[in-house]
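Chain lettering (A, B, C and D) follows the sequence in which the chains are written, and residue indices restart at 1 in each chain.
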Amino acid sequence: METITLLERVFDGLLMLTLLWLAWRALQSPDLFKAVVLFIAFGLTMALVWVRLQAPDIALAEAAIGAGLTGALLLKALAQSNELADRVSDDHTTDTGDTHEHR
Amino acid sequence: MGSSIITIPWAIWTILLPLAGSLLCFLLPRRAVPLGLAAALSIVVPVAGLSWQVATQGVQRYAVGGWGAPLGIDLYADGLSSLMLSMTALVGLGTSLYARAYFARRKAQFFWPLWLLLWAALNALFLSGDIFNLYVTLELLGLAAVALVALAGGADALTGAMRYLLVSLLGSLCYLLGVALLYHAFGSLDIISLGRLMTPMPAVWAAMGLMTAGLLLKTALFPLHFWLPPAHASAPAPVSAILSALVVKASFYLLLRLWLDLFPEPGAAPRLLLGVLGAGAILWGSLQALRQKRLKLLVAYSTVAQLGYLFLAFPLLISAAWNAVVYFVLSHALAKSAMFLAVGNILYFGGHDRIDELDRIVQRLPLTMTAFAIAGISIIGLPPSGGFVAKWLLLEAAFSSGQWGWVLVVISGSLLAAAYVFKVIGFAFTQAKVLHETRAVPTIMEWTALGLALAALALGLMAPLPLELMDIGAPWVTLIGEELP
Amino acid sequence: MFFALYALTGIGLFVLGLYSLIVQAHLIRKIIALNIMGSGVFLVLVGLGGRTSSAVPDPVPQAMVLTGIVVAIAATALALTLILRVQAETGRTDLPEHTSEH
Amino acid sequence: MNTADHRALPKPFQYVLLVLISALACGLGYAVLSLPDQAIELKGLVEANLEASGVRNPVTAVLLNFRAYDTLLEMAVLLLALIGVWSLGATPMRRGADPGPVLSALVHGLVPMMILVAGYLLWAGAHAPGGAFQAGAVLAASGVLLLLTGKRLTARLTGRPLRIALLAGLGAFITIGVIVMPAGGMFLQYPPSHADGLILFIEATATLSIGAILTALFLGGRTVSGGER
């Protein structure tokens, strides 16, 4: 009994650290595509956390909506955004999409 | 019990009617305009019914789902909420009539369902007595407002809407974290029971800070106002009127409720800070308004300044100053919506809103300029307008609490407001060098602007009525005894 | 008491998200940051319910979080569409420092 | 191209911000830890009234009975987001790439199963984990898969039938909330004897609408031009 709770605690601790690490990576990753993928992984880890917190209803919703559909929305938006940027750089070959002049 | 007029639960209908109207407009996009107008007209009935109930029978409670707080959600209507509902109905009706002529069909089919959802969110917010339910209404309100700003299209409106969306979501999340802390501190979401259970502890101060910060962001108190001018100035005219008159007031109303009904009396320092920020808003907003070249931005910065007055009350005596604040909210709603609609007419007429090219607009749109001038009277605070009564009450509160510094702020704010209003009126008489093509403004658009401006004026003439109504169930009435030993 | 750590993790997510929301310029990153902030708030909401050692957790915060998740995806969908429209109109994926004055 | 790490703030500001935000984190952490150990909750009230709510899953009872008004407004938020997305007009999207026969076959096998799963979740929500939102999300996932394989609604269905599916959930919610009123009840006060049936009906329509709205949100602003002609 003792060892089981201890194992659970270790698992909980690892889960929290993973969550924070994934969040930080998703927020700071220089590659936006990677950031979105990390965000989806973050959502799936959240679903695990909800299971640990005895909230299976939220776990289901998080996996389906938080990770799945939000991830799909982000990936699609990213693809469209890149397409838009390509179109702009096709139109003005001198002006690449990422030159932002700040006044 | 038979459902005579006395027992009809008007409160819930003020929310259901706009919701249902929005669904119908969405279902039948071709008929969105008549359906939307019918819904807008019908909302007046439950609002009048509820105000009458509150005036004659006192505070109304309605337990949605029949469970009652704290298990269920209660609607709670006192004098303050029914005044807010009436203000929304009046401005909403005027703006709806205006919008009927303003929007072409493609935009109208989106405007009506969005606007009616926003209206439902406003009414739900003014009536809700549950802090989590208030979060949902805040989100509904914020997202509807953003979508309405974006309806204008074009780079300015879209970036303005985007900034507004980010601010709105951030504000809601701060508020929600506060809700989480309060729930786990006291085990309730109902404002009334929370207020009774309230004991100072770190979680309460954290919640108060988070919720206040989130709502200040949404209310655009200086220096958190950066998002307001681009959003309010680039939106379609009726939307600008709705945003400036109603939407920012909703988050302020919630802030007022939380500080008065929920949180323990804060120390003098945070109240003074809010007062100072308010003073900053008045001076900074007015100066910015004065140096704008575009009329719509001028009016938007004027909103930043006018919102500052609402916060001057925090350092003053609660009992005296809150009447003034609520009066400010009401009179600014009417005057500013009139002003934005008038500017919308000018923009519609000449295709631009550059102040130095207004080009004798006084002769060409006399009704519109009259509306602008009358609204200006209330914004400046000249008698006999509603703005005058509000400023009078505020000055009275400042005198009676012996804080003379605020008097100076109020007076310089009025002078600056006079400067920017008369600047516009001055250019309206002069001939411009550049000629612009013009198109006729539909009559209804001129008359609704004038109607709202006259309502702002009337608010000054019939001051006793709203003042009496707002004291029904008002928390500060019970506070007076505690303040004066 | 141990489960309060989940609430603390939630606070951690909230502030990480807040920091990135302010620092990052790319609008899609800002939306990711807001979503992570939201997850943090949800974790505080449910995590603090685990303070009692009873077997059955409090259902009310769970219902609130379910509502919150749906609100979050609605906001995200609207935001992403708006971002694409902004990009189509202005060619940029961030917000200009100052709005252009005409 | 968009992957470059654009920072909105210069470095010194970032450090100031870091300090401020660390202070915020400490304050909030302290507030959380200082909460009384004895949690006060609504759990007891929910358990006491669960019998009368019509469902045995306490989360579903809160969502669809005790705090059903929240859920109703939240459905309005979903619909609002869709109207907002549609009002923004068409977003550019590359022509759907050909998914290939294997993926197509896989999706075609998967979708009926997912609809079954959605049905199960909906039914299970009354007494076990699950409910309208989860079921609706699964429905939306199958919708998204179909969209990815290039499936579109036929023109006949994109007009009013689609709009009815989108607002059925909110419409049914409001209608039932009002229908129970003449019997002397409040808005959304289901008579206990019929609560289970009414809740299941609301959940079923909500599932349909949530699935449809989420799918439409994924599709973006393209249906409107097709649907309005």
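Heads up, the rule we're going with is that contacts are C-beta pairs under 8 Å (C-beta built on N, C-alpha and C of every residue); 3 or more make two chains touch, one makes a residue touch a chain.
As the structure is a prediction and not an experimental result, all values here were calculated from the model.
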item	value
Which of B-D and A-D has more C-beta pairs touching across its chains	B-D
Separation of mean Cα positions, chain B and chain A [Å, integer]	37
Between chain D and chain B, distance of the C-alpha-averaged centres to the nearest whole Å	30
Centroid spacing, where centroids are CA-atom means, of chain A and chain D in whole angstrom	19
Geometric centre distance via CA averages, chain D-chain C, whole Å	16
Shared interface positions of chain C, touching two or more other chains	12, 14, 18-19, 24, 26, 44, 48-49, 51, 56-57, 60, 62, 64, 66-67, 69-71, 73-75, 77-78, 81-85, 88, 93-94
Junction residues of chain B, two or more chains touched	132, 136, 139, 143, 146-147, 150, 177, 181, 184
Multi-partner residues of chain D (each touching 2 or more other chains)	2, 6, 28, 32, 35, 39, 41-42, 46, 59, 67, 70, 74, 77, 80-81, 84, 88-89, 91-92, 133, 214, 217-218, 220
Pairs of chains in contact (touch as defined earlier), listed by label	A-C, A-D, B-C, B-D, C-D
Of chain D, residues touching chain C in the complex	2, 6-9, 14, 17-18, 21-22, 24-25, 28-29, 32-33, 35, 37-39, 41-43, 46-47, 58-59, 61-63, 67, 70-71, 74, 77-78, 80-82, 84-85, 88-89, 91-92, 133, 210, 214, 217-218, 220-221
Chain D-touching residues of chain C, taken from the complex the two chains share	1, 4, 7-8, 11-12, 14-15, 18-19, 22-26, 44, 48-49, 51-52, 56-60, 62-64, 66-67, 69-71, 73-75, 77-78, 81-82, 84-85, 88, 93-94
Residues of chain B touching chain C in the complex	132, 136, 139, 143, 146-147, 150, 154-156, 158-163, 165-166, 169-170, 173, 176-177, 179-181, 183-184, 189, 229-230, 293-294, 297, 354
Contacting residues of chain C [partner chain B, same complex]	14, 18, 21, 27, 30, 34, 37-38, 40-41, 44-45, 48-49, 51, 60-61, 64, 67-68, 71, 74-75, 78-79, 82-83, 85-86, 89-90, 95-96, 99-102
Chain D contact footprint on chain A (complex, rising order)	30-33, 56-57, 59-61, 64-65, 68-69, 72-73, 76, 79-87, 89, 96-98, 100
